[in-house]
């Protein structure tokens, strides 16, 4: 079983390839994971936002986790999102994840409920107690509509309740404060940035890893960025990040699609164009990208040297 | 099976009484439902926000629905909330509700996902297709973080996809526009207000029913308000509403509790003080109200003539 | 000078008619105010949101106030908005309003600044001290991005700091609570609703007056609604409100315009179509409505019996 | 007169020292500006958010600009905030700034008004036309409640309407995209970050300058950070930034103060403790920090080596 320190580096939130009728496309999933491992990623995160976790029913969630564990075969740790509305329901998801054999779970604060800091802390304590798996707190206010408190995160880390944080809050002040507070507490937490385009800056200030949705499309680029940062070659890290930031423009091409369908759709469409997965279909109610936007994405992939 | 027009009048969103260890307190639930029916309510809505739907796991959700159906025994229609993150997951909830024998289901737009109007419409079409039960759209932006589009609601009503709307949006302009647009379309929708304290005004402008959380505590008051409105005695309706609005101050007494725990906690605490349910315990992570606030609630219940 | 109780009934927030080059169109303004007075309104509110206060410079603001005072000639009280960023700046506006001879001023909480309840209370105390004019607090979160605290309003009323509240918050629960708390305190405050389409319900629950932007277009309709409510004929009030709500659809016709330009533009365009003002031009950066939307508004005016 | 390229490097948003009765404390202002120039800053920004622009009346705003121009005596460029509600009013502010002799002006999108992208663009065109001074667009959604559009900014830059952008949006993805789009357009814009604690990362990705409120307290630190970045010594830049981030904890010490009073109050209190300004008093309604929090700030200043 991985130790906490195992969790670092580039850990892409893997998309879930689907067949035309909405079933897991196992062959595509294997190609995708293999391409990630060949590129040198340090871990995999299934059932994240990029993995369509919010859209999938329980049966498909289990299929995804089981397939990922089997395909990865222990070469890197596999983390899994356990996204549900509230404590009791997330606990159920944790038990399903443990059954599937993943190495760690990633949970948000409660959804839907008008909650507060005390309840969020009690929530994470409950979720952590539901299994022996390391628990990462996922801070994504754009989806959850609350922000995780800095003091709570460090406290839960110091007590061994959570093993780390995936920060997709877009609050860079908060992230630097979290890095400093974690360091002052003896670094109990592994701190990941969930963003794609200021990863150089986040690694410069002390992030332990990165979970970029765009890493589905160009895992080798993020591994080069990580390696440059590890070597202290910040100019090289910046240049690689600039290239990846230009590639990230794929998510801004869709017009008239929802935020979810645009981002996730751009990743899936790119992977289809690159021949990694068989289809860019998504789970209802999200439509697959089609028409002109596919050509626009193709141009960007070519400019980034991927096509 | 109820016709669509069956759904009108006072339909309280019934709380879920729990034992100290978080199990459904069946005896309390029976007393609660019986007190509602004795007061003359016209329907029951289980697994709404007041029913702790967001906190309960699937097993307990089914227990609640089955118990409500059994206790009610067809005397009034039983509606059930089918709250989950997205289409496929809500469809599963709908099937569970149908298995439990309820008379209608109530669903929100997707949670967590950054969605748009097209996806929300596709979502409701998917959910409706999962069973033969009448489907009500639940508009509660404070929890879901999106607002249901007026044009979509009337369109889905006219096509028979949804049977009605439970409006907890607090947008009274929007609600009056919805009432007018529905009337212009031949009134395919049953329109309920989910609010507690301007029910007189909402009935005056044409609401078909009311789903007040406070109706747990004083169902007879809302029935009197409804009857006065039906009789066109708006001064009497207003006076009853003023009394109920004073009673509603129970939800503003808690200090340091979350919004969810304050409102729901005030209802459960009142029901315990009135001897209807055995305990005010709630599902983790929400704490039960305790201490001084219980005394403050007791005073308000007494002033309202309930204690 | 008006007493506080003078302020009640229908008090339209008068638009500011402009010439093509952005100057006050004095002749149009006189026709507009005269049409309001002929319709029986009980007061006038200049330099409200509908009066383009946010767009006008200080010189034009003074012209508007002076013209309104002169044209009205004491027949009804004239209230004026004193909208600016913070206390010292609003105090300057109050002094200019006093110089212009208006009967009361209407101020919001500070703009732009990240403030809190204590600062907002201190702000209103400072603004009130800047003149002897009655001060009304204007609660309009959609513009100010903060909500006025209920307890503060009643406290400031009881101490004679503010004379009333213009509530454009859209929070009907909050408004009913404010009405109840004011009554319990001996009714020191005059409470106006700033909304257009649930005025029947707001009068039913105890509002002292209404400040409807739509009252520019159909003042006689709001006077009829007010009179019906005063007579306790709520069915008549509701029917008149239904008619006015249908008329209010003018503000939802513009496509591709900002929220500000849509609402205000619909009022000005209607008044131009009705021959009351000479032009629907607005202050930069808001564009005047033009093209197809003008025809759509014309149809609605005709359906409402105004054209 | 400065050329556009003059505007780069460290440009602190200078606080406005006040006497106990709210007048500009000219002697303190001179000490403050002199300390900034001695530390090697590359420009000064008066009447920014840190300069209490939102609180000051027009007379005091003019005094601040005139004093800054006189004290600086051309050694570095002086930029001035021209914050007001809408176009016509901001144009007035621009003319006052030009009269005072500043070198550039900084304006936001309209406040209070429900506006849109077209109106915001027209607004900046109007403001730019009011003088010959270079105009910088100030993007601060936490105060203005709208976000400036990337395409508009580059378009206005390419046409010479605006000279640059002060980005206090906290949207690091947006800022990197803006840097890339500006570069692709031939770099017409000078791009400043308004943040304090990820300046190393923002310089790494290509910011032209930094406008840190904390630069009031430790201008030499930001100059060292800037110099390290210019030299490509990113490890040194990061270490200096870490030190400054620890110092920035002063703004998180106040409890029970507003966001505005906390941040600005911490800067003024620090400057008073450091003997640079005579008092930490602020303009009503913001209270000066007092009591325990002053001691907490003193400790942090000492830990940062400033006391």
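Letters A, B, C and D mark the chains in the order given here, with residues in each chain numbered from 1 onward.
In the analysis below, contacts are C-beta pairs under 8 Å (C-beta built on N, C-alpha and C of every residue); 3 or more make two chains touch, one makes a residue touch a chain.
Computed from a predicted model, the values in this text were never measured in an experiment.
Participant: Using the touch definition from the top, how many steps at minimum link subunit A to subunit C?
Facilitator: Tracing touching chains, the least step count from subunit A to subunit C comes to 2.
Participant: From the C-alpha centres, identify the chain that is farthest from subunit D.
Facilitator: Between subunit D and every other chain, the largest centroid distance is to B.
Participant: How many angstrom lie between the centres of subunit B and subunit D, each centre taken as the mean Cα position?
Facilitator: 49
Participant: Centroid from C-alpha atoms only, then distance subunit B to subunit C, rounded to Å. What do you get?
Facilitator: 35
Participant: Among the residues of subunit B, which are close enough to touch at least two other chains?
Facilitator: Within subunit B, no residue contacts more than one other chain.
Participant: Looking at the whole structure, which two-chain pairs count as touching?
Facilitator: A-B, A-D, B-C, C-D
Participant: Per the contact definition, I'd like the list of subunit C residues that touch subunit B in the complex.
Facilitator: Interface residues on the subunit C side: 170-173, 176-177, 180, 195-198, 200-202, 204-205, 232, 234-235, 238, 241-242, 245-246, 249.
Participant: Going by the contact rule set out above, which residues of subunit C touch subunit D in the complex?
Facilitator: Touching subunit D from subunit C are residues 54-58, 60, 83-89, 91-92, 110-116, 118-120, 122-123, 126, 142-145, 257-261, 283-287.
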